[in-house]
Each structure stands twice: as C-alpha cells, then as structure tokens.
Amino acid sequence: MIVILKENPEQKQLDNLIAWLKSMDLSIHVSEGTHHTVLGLIGDTTIVDIDLISALDIVEDVKRIAEPFKNANRKFHPDDMVIDVSGRKIGGGNFALIAGPCSIESAEQITNVAKQVKDAGAQFLRGGAFKPRTSPYAFQGLREAGLELLTSAKRDADMPIVTEIMDPSQLPFFENVDIIQVGARNMQNFELLKELGKTDKPILLKRGLSSTIQELLMSAEYIMAGGNEKVILCERGIRTFETYTRNTLDLSAIPLIKKLSHLPVIVDPSHATGIASLVKPMALAATAAGADGLIIEVHHDPAHALCDGQQSITPSEFKSLVDCINAILPYSYKRK
Amino acid sequence: MIVILKENPEQKQLDNLIAWLKSMDLSIHVSEGTHHTVLGLIGDTTIVDIDLISALDIVEDVKRIAEPFKNANRKFHPDDMVIDVSGRKIGGGNFALIAGPCSIESAEQITNVAKQVKDAGAQFLRGGAFKPRTSPYAFQGLREAGLELLTSAKRDADMPIVTEIMDPSQLPFFENVDIIQVGARNMQNFELLKELGKTDKPILLKRGLSSTIQELLMSAEYIMAGGNEKVILCERGIRTFETYTRNTLDLSAIPLIKKLSHLPVIVDPSHATGIASLVKPMALAATAAGADGLIIEVHHDPAHALCDGQQSITPSEFKSLVDCINAILPYSYKRK
Amino acid sequence: MIVILKENPEQKQLDNLIAWLKSMDLSIHVSEGTHHTVLGLIGDTTIVDIDLISALDIVEDVKRIAEPFKNANRKFHPDDMVIDVSGRKIGGGNFALIAGPCSIESAEQITNVAKQVKDAGAQFLRGGAFKPRTSPYAFQGLREAGLELLTSAKRDADMPIVTEIMDPSQLPFFENVDIIQVGARNMQNFELLKELGKTDKPILLKRGLSSTIQELLMSAEYIMAGGNEKVILCERGIRTFETYTRNTLDLSAIPLIKKLSHLPVIVDPSHATGIASLVKPMALAATAAGADGLIIEVHHDPAHALCDGQQSITPSEFKSLVDCINAILPYSYKRK
Amino acid sequence: MIVILKENPEQKQLDNLIAWLKSMDLSIHVSEGTHHTVLGLIGDTTIVDIDLISALDIVEDVKRIAEPFKNANRKFHPDDMVIDVSGRKIGGGNFALIAGPCSIESAEQITNVAKQVKDAGAQFLRGGAFKPRTSPYAFQGLREAGLELLTSAKRDADMPIVTEIMDPSQLPFFENVDIIQVGARNMQNFELLKELGKTDKPILLKRGLSSTIQELLMSAEYIMAGGNEKVILCERGIRTFETYTRNTLDLSAIPLIKKLSHLPVIVDPSHATGIASLVKPMALAATAAGADGLIIEVHHDPAHALCDGQQSITPSEFKSLVDCINAILPYSYKRK
C-alpha cells in the first residue's frame, strides 16, 4: 500500500500516522518526491482500512498494491479450486452444465424439463422458486412450494439442484438444495453472505449489475471468511449504456478472474443478453474463453414461461447447443 | 402498451395473444404498418408482464407507454406527499436537513455530534449502526449496541433519528428509529422492501448504484404496495466510468422524479462524491435544483472516523454549509 | 414510428402535426388509449427527424419501430456483404486475420513483423502511422513517413495493408492503403465519414467507446449514403465502470449486428482489454461467437513498443494463437 | 510515478529500466515490500509514457502520482484564468451567459433570437452552422451560409459569437467567430485540437460523452501545448445507463476541475438532459455549484426548431431563467 502525502504535511500528524501504521505490524518506507512524499507500507495490508487513511488531512491519496482479498486470492492458493457436488465436479478442468427453467411453475413442468436437459447433457438442474422481480405486480415465484417441486424433480431425474436464495430467513427451506445461488441484486447483501459463510453448501455467486471484478471477489471473501470455501463465481452481464441487450456480458472477466483467483467461474448467457437468439453464440464464446461451466435457461414452452421467457431456449435447442459446446470445448482457452 | 409484431405473424398465435390480452380487460387496437403490425393495448397495463409478451414468437418488441408504477405515480397523486415525523415535515415545500456521523462509535461521539448538528440547524440525526462494507475485514458497525447509543442521543438532543437496516431480521431493533434507511446496495432487496411495506415507519430509500429512476420508483412501489405510503427517495450518485469521484451525483434526478412522482426527494452529497471538499458545492447545487432535503455526514474528527471519514465534514463546516443552504433556498427551483 | 400524445392535445396543433406528417408521404393511424392517444406512422420513416416531433408541445414521446438505417440494414440486404481486397475476402463465411504492430517504428520493424505474421497465417498487415494519443506528450506516430514504410512492407510481404486515418486532409497519403481504418474516437467524426463515403476503398469502422450498436450502424450509414458500401464494422470494447481492463469487450455485439446488418463484423481483442494475456482467450471467444475476423496487435519486442506495448503479443505467440483460432473456427457460431 | 515490479524481477531487465528512467533525468527510489518491489520516480514525469513502462515483463503496474497535464494544471497556475472576449470576461469570478438556437435557420430567426437573449441578459450569442448529427438523413446545418448569418447577427446585436467547428478545413470560415466550440464528439479529434492550438481564439471545449475529467484536461493540454492558452471547459453530460435523460449531467465536475485546473468551467444544461423542462433546475444547480457560466439553447419556436427543439426554451423562459440565476449567483459556491 502506497500513501501519498500532501505537500508540506504537518510533522505531528505525520508522526501519528506512522506510529499508528507501525502498531499494525507494518514497516514503513519513506520516499521524498519533488512535490509529494510517499509512504510505502510493507506487510499484511488486507486489514488496513483504506478509507481511514484517505481521510487524514495530510494524505492526498492511497493506492493499494496488493489485492484486498486473501481467501479468494490465487497468490495464496495456486491450484484451481475443485468443488465436488454429489460426485459432479466443478472447476479444475471440469466443465459444469447447469440448465432449467427461470421459474418453477408446476410439478409436470420442472420434471419434464429436468429429464430433457439431463438427456441433453446437463449435470445440474436449475429452477427459481424465490424470484427477484423489479415490479411488485410481477410473478414472484412459487416460493416454498416451488422448492418442494424442485426437490421432487431432483429425485426423479437424479440431478443436483441449484436455486436462488433471497433472504437468510429462507435458509431452512434450502436443506435439499445442492448449490445455493446468490443473485446479482444480492451480491452485496452482506448479511446474507455472512449467513451463507456459516453453511457448508457450495454457493453460486452472481456478479452484481454494476460490480467490479474486485467487488465480486470481495463478496466471495465474505463467504470464505466465514468458513465456507466453496464459492462458484458467475459472470452474468453488467449494466452499460447499450440498450439492444439487457446487459453487456463481460467475457474478459473469465480469464481475468482466473488469473486473480483459484475459484471456478461460470457464465450465464441467458440473463446477460435477455435475448434467446444470443444464448448460443454467447455460450460458445464463454466456453472458448475458458469458462468452467454455463448456467442456461431452458423452458419447454418459452412463450408461456411465467418470467423471462424471452431469453429461454427450448430443450431441443439446448440439445443442439450442448453438441456445439462439446465440439468447441477441447479447443477452448487453457485446455490442451 | 404497444406490441410490435414480426412480419407475417402466424394467425393462430395472433388470435391466442389477442384473446389472452382481452382476458385481462384490455381493449386492443390493431394498426397495420408497411413492415410491422402494431397492437395498442388500452386499459390498466400495470399488471401486464412485459416479459411474457416479449417472449412470444410473433412479437418483435413491446414498449410501455404508461409508467409501470401506480402508488408512486404523480398522475394519480397530483399533490406532493408530505411526511410528518414527530412534527418535522418532509416534502411539499418543507426542507429536511439530516446530519450525523457515518458510523456510531461511542455514546460521547454520537451525543456530541447530535447537539452540534442540531445547533447548526439539522432537524434529523443520522448515524450508522449496521454498516454495509465491501470488505469483510472492515469495521461492520456497533450493530444493536449502536442503535442503543443512537436512541440515547435521540432523547438527549430531542431529534428524530435515521439509520440503515440491512436485513428484515433486524426490524425488532428499529422500534425507536423514526426513519428507516434502505441503502443503495439493498434498493432491490425485495424481501426487505416487502417487510418494510408492512411497517408504518417512513422509509428513506436510496437509489442503487446502477439503478434507473424507474427502478427506484418500482422499489418505492414495492413498499407502497404493502400499505406503507411514507417513502422518501434519495439520490446518492450512480456508478459511471469517472474515477476521480466515487460516484456521479445525478442531480437531474431531482426535477425528473418530482415530475413523475409525488414522493419527496432528498440528496446525499457525501456518499455520492466521497470527497469532503465536494460536499458543500454539491449540497448547494442539490438545493438549487429543488431537492426536498439533504443527508450529510458530519463527524467531529473526520480523520479518525471509523469509516468513510474522507467524505465527512466537521460540525463547524456543517454550520457554515447550513448558512449557505438557507441563503440559497428561497431562490431554488420551484420556490418562487 | 409511434407518436404518443400528451393528454388532451390542442386540436389545432394536432391537425398541423398530422398535415405535416402526411406531407412526408406517411399514412397515420390514430389509436385512442385510456390516458394517451397514439399515432402510428406508416411508410418510410428513415427521413423523419425524431427530435423535431419530440419537441412539439402536444407530444409526450416518440418511439421508432423500424431502424433508422437503410443501406446498412439486413432487412433490405438479406445476403452477407462480401468485401474483396486484392483477392482476399472478408465476410460471408470468409475469416479475415489482420495483424501487425500498434505503431510503425522503422523499416526493419514493420517488414520483419509483416513477414512473421504472414507466415503465421495473417492475410492483412496493420500498422499505425497517424496515432491518436490521449497525451500531446506521447509518441504521435511517424505519420507520412510511417505510411511510406508500411507501403514498402506491403510490397515486400505482398500483403494488403490497413491503417488509421485521423483527418480528411490525410486522404492523399492513403492512395496505397487497402483498407482505411477509422478509430473509435473518430466514429462520429461526421466530416471524415462523409469524405470516406466518396472514396472506393473499404473502410474499417471501429465502434466508439461509448457508442451504441445503433450509432455504429448510423456511422456506417454515413459512409454508405455517400456511395461507398464497403464498410467493415469492428467491436473494440466499450467504456464501463470496470477498471481492471481498459475497456469491456462486448462480444454480444457480433451476433446482434449480424442480425441487424449484412456488413462484416471483426473484433479487436488487443485494444479492448489492453492486457496481452487476455488477447488469446478473447480472440478465441470472438471467433466462437461468429466474428468475421480479428485485428490483433503483434510486436517483435512488445516491451519496447512505442505505444500500447502492454497489449501486444509476440510473433510466436501470434503463431500459436492462429493455430488455436483455426482449430476452433469450424465449430464457431453459424458455421457448419 | 510509482512502478510496481512483479515478484523476483530479472536483474538485468531491472538495471535496464533504471538506466532508462535515469536517462530522462528522473531520480529513482527503490522500496522493497513483502511481495512487491516498488520504484518511486522523482522529477518531471509528464513526459514519461506510462504505456511503455507498463509493457515491460518485469512490471506489474504503474501508477501516476502527479497529474499528466502541466499547462492546464492549477499547481503551476494558482490564479484563475480570465479570458477576455471583446471586453466580456470569462473566469475568475465573471459569470458568462451564452445563449441562442441549436441551429441557425434564417437571418430573421438568428437576429431575432440574438436581440431577445441579449435583452434578457446574455453576453454571448451561440448558434450552430456545422451540425454533428447521428443520422446522415438529419439536417446538417446551413454550414458556410449559416456562419454568414451568424456574423450578421453579431453585428446587429453587438454580441460576440460562439459556434462549433467540426474539421480543421473549416477554420478559414471562422475568422469572425469570437469563441470556437469543439463538440463532445470531437473532444479527442486530436488533429483538430492541434490546429486550434495554433490559433489565438478562445476555444470552448466540451467534455466527451464518455470522457473522464482527466481526459478533458488532456485535450485542453493539446490546445495549450500548441500555444493557445485560452481554453474554456464545458460539462455537458456523460453517457450512463439512465434512459429518461439523454445524458447524465455531472455537476461535481465543476468544483473538481476548478481544484485541478485554473481554466474556466461552464455548463450546458440543454444538451445534457435533452429535456426543456430540466434546463432551469439544472442551470440553477450549475450556478450554485460554482460554474463560471452557462450555455443555453433558446429558440423562439422550439416546436419548429430544425434540431434538438425538445431541449430548447423560449426567449421569455430564458428571461425568467436569467432572473433566477442572478438571484442565486451571489450565494453560489466560492462567491463570498
């Protein structure tokens, strides 16, 4: 960490600052420039509150050199994290295919889709029971009843299930859920992250609509700091000025995160674009860029889906997509 | 609502769509263009799920004409909402000044600041007990103990208090809180909004970092649809590519929201910029643009504040700011 | 085009508006809603100035239904545009590889790189002579002398050349240039676009840092409206709040543009990310998503490149990248 | 400037780097951290090309401490720049009011508006002759003929005139123009900036739609480095995800730029919002925040303006606006 001082800092304040930094077991290296004196802080700066130092009268700017995350940092965990979910592996060269409808609508619907996406090659079943919707007048999901239908489909199809939690109070209903999803709008719901850090279930953490990659890793750090290391990161598009697509899928996040962290990274091309015809090209692009998996919305009747139908593909389209993914996978980045 | 059909839509699907729309008590007006047929839906389209229609094979695009919010819509509530908090009014020409430290640190600190900001002209005391922090290693607030200190300061200084809630499970601790704040990161924490809709306390709802004005109004609608009409909206900066400031304060949101909605709009210049020296010019600008109030971070010793010190001003700076605000207020927008 | 009127529009103004619209050979369809009357304009609305109508007192909003571009619109040109450059084809299933240094530095440098990228599989040589740099103190390119060196390299290596123009006054120097590049910062330099519309050389038009896809297509329309139909579009990253990468590469632009337009779309992964190690994964992703080609910075000694060295790869890295692209190409979107 | 080295840098490359830096008259201060060695460069780093250093194998990151601009830097020019235009002053406490139509349409129109805005209190007349329009089919301005009409209006009304240049080739027509405007889309048209740096006319430089404040100052630096110090900066809104307004007016840019630079800063509330009813509140807010002036679109008949009518106000609205500005001005930031 580098602390840039204002010109002619008051000596007493400077002494106080240096004493305080030393009390945190940091060594300080002073460097006098033409206009600025710069302090180099040497040691574990993860715990240093950058805002506290920036607030000082004598400080012009503070710049981090080391990343502020530890548990999620590849520097301290050089090997890829591999997460085992009932025998299906995610990360470390294992490609995870998660598929299913945006919302669980009925026993018949979820069971049918489950079988079809499994036949097509999906290893995990997704389906929303608690649905975050912008409008209070839009369908909010079947909630507890939806989770029960999803659990039945899990048993029938013998597939681990992934579904979204919206509040810590819903945790008791997630006992049979294999991977708990945190949606983009809850990426910085820190109370929720803390509670999930106390569980031992894998957490699929989606990047917030306006979150930087560093913030995504800091949210993973919240979960990991609580003791739960099984975090799967998910790029699902960020908000930009472009209006044709719902969001802008940031695929450079894949190789970038994998350089910074050992956690697996998957991609959601359905929510990112919001357009069914873009799911396939973006799924192939994500695969080529080295993603550890994909989460894709599949609905047997997208035109009558209760939410987000416009971005769902049909089971037969999914089957054809999986064939293309499998063809491209051997040639994707960092494989062979 | 306007539904734009693809060229040569299948007649049976079109009949189904029209029948379904009519079942929602909507009249349909068909208009044939050169390339596109357009359906005009007439009636209450608030409950129509735009995604459902967009998903249909025969539909190219759907555009709303009426706003998707009702309770928060000025069209149905032409008069400004005025919220009464223990005799202090917000909205409808009443200017609310909320001030206090980012975090509650000690009884002495909060009581001192309370008295000083009251003397300077603040009507409401703010102070954070539950603190949303990007890093799990940063100070997380005094939590329940902090709320107790804030309640004491409220009694000592005889000022209504404003503080942030992060999770519905914290609601029992908020009995003595006068205005409950929802932070930017929780603007779309819909489970929290629903719970707050069941209370009768005024809610200060901050705009999310990447939220549109329409989304902010839809989040207000969540609270209001639950029965709690007392919502105060707060512009606090949005995320852009500019890096000198922490966020970009969108002051055009003030007159725009006031045209769309009858709810009061206040501005937080401290979090928006993250720079203490910008608080004053932005506070004056917000006042001039017609804001119904300001929420400002004041700390007796910003350099030692436990969080966000760099954006806090001192009580004496606040006093001078209030004088400037009062000078400019009579000449601000929509005040004669 | 849909014109949404305010409630209770003045009849005389409405009559004037309708008469004016009819004078442009448009038919008007009037549709009365609960709160709003909507006019549907039928006919060629490309020439209608949307701002003019929006400005009218009686108009609440205007929404386009048809795209505002014609020459660049796939609706009127269903077949892919194929551009022939001295026998090398771009578009319509032909994959174009353009490579070379950011800046031309010396005869030896550009000739060496040319041969190496040609050996590795590039069909086109790129190199900057006129360099747009943020700082007036940074290297501005060799300018005319640079173009001469590039022309020599073209002859020696027998490769068509691509280089950037910054101002119409430079056109006389571009006689031997095969493809003229318009940089992101000049995408809306309309005087330049008009001049290029009068030439018969293919134009490689880069998307502006904050340009929507529709604006990119409107800039192509400027060139095409002048009579030059040979426009190659280039996605090179847009500006977002993310700070790890220089820009955010928007790969969904590829399938989206190809749906809207018949023009070829290529991708620049070097400028988009600004990080050499991200060039390969992003190049593979762009290929998988269906791009018609790539433009890649290659420098024999990136560490001593006179600009943008940090995003350049070496000729041997480029060779290995081309092998990976060729492996993935048969399985990319919309092939086979 | 701070150069952060990768772990275990190769000694020979490090020696080369240090030798090269010393050759630019910089002193180097080496600081060894736990994971990183950091070099502090001391001296004039304005001319150091940050990209060149970043590209080196042994370098992890480079961070500037001093700003990369010199001529536009308040550190070297502590007093406000005051620009004198035929006796009217801009900057240093002088408030400049520039008003007029978006486009010059006819002699009668421009002369009428000129007189009316002068009567209302405007010191400068604006009017567009060369118009940058997104669509090639939209009105492109009267061009040379428009400049002639503007020059006549200047004489008739005895007001200095401000109008936009789009290309260096248009400079000969600008002889009678008092302030040359560079539009947002040309802020990084570096060839144009260089040419303007050779003139002695004041340049009104608008911030680009996606330009940072530092980039705006670097574009000013281009003009100033050429010898023309008379640059007026203009905030006119940046591009964000918000769709209600055309752009998001960044008023924090005013106090921020004035801290960084001694150049005058004015605000364009008309283009920023694109909505006539927002011009007044945003003009008042800009004034309160300490702007050195405003540039406002005024049209005697906005509904029939040939471009951007929807953001124009009438002369009588302008008159009322000027009264409000004058009322608020004495209480604005940094005045008394």
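Each chain carries a letter (A, B, C and D) given by its place in the written order, and its residues are counted from 1.
Here, a residue touches a chain if its C-beta (ideal position, glycine included) is under 8 Å from a C-beta of that chain, and two chains touch if they have at least 3 such contacts.
Quick caveat: nothing in here was measured; it's all calculated off a predicted structure.
Ranking all chains by how far their C-alpha centres lie from the centre of chain B, first place goes to C. Interface comparison, A-D versus A-C: the higher count of C-beta contacts falls to A-C. If you average the Cα atoms of chain C and of chain D, the two centres end up 26 Å apart. Measuring from the averaged C-alpha position of chain A to that of chain D gives a distance of 39 Å.
Centre to centre, using the average C-alpha position, chain A and chain C are separated by 31 Å. Each of residues 210, 239-241, 243 in chain B touches at least two other chains. By the touch rule above, chain C contacts chain A in their complex via residues 210, 212-214, 238, 240-245, 248-252, 254-256, 259, 272-273, 275, 277-278, 280-282, 284-290, 324, 327-328, 331-334.
For chain C in complex with chain D, the touching residues are 46-47, 49, 51-52, 54-57, 68, 130, 132-140, 166-170, 185-186, 188-192, 194, 208-210, 215, 218, 221-222, 225-226, 239, 302-310, 312. Those residues of chain A whose C-beta lies close enough to touch chain D in the complex are 2, 4, 29, 31-36, 38, 40, 42-44, 61, 63, 65-66, 75, 239-241, 243.
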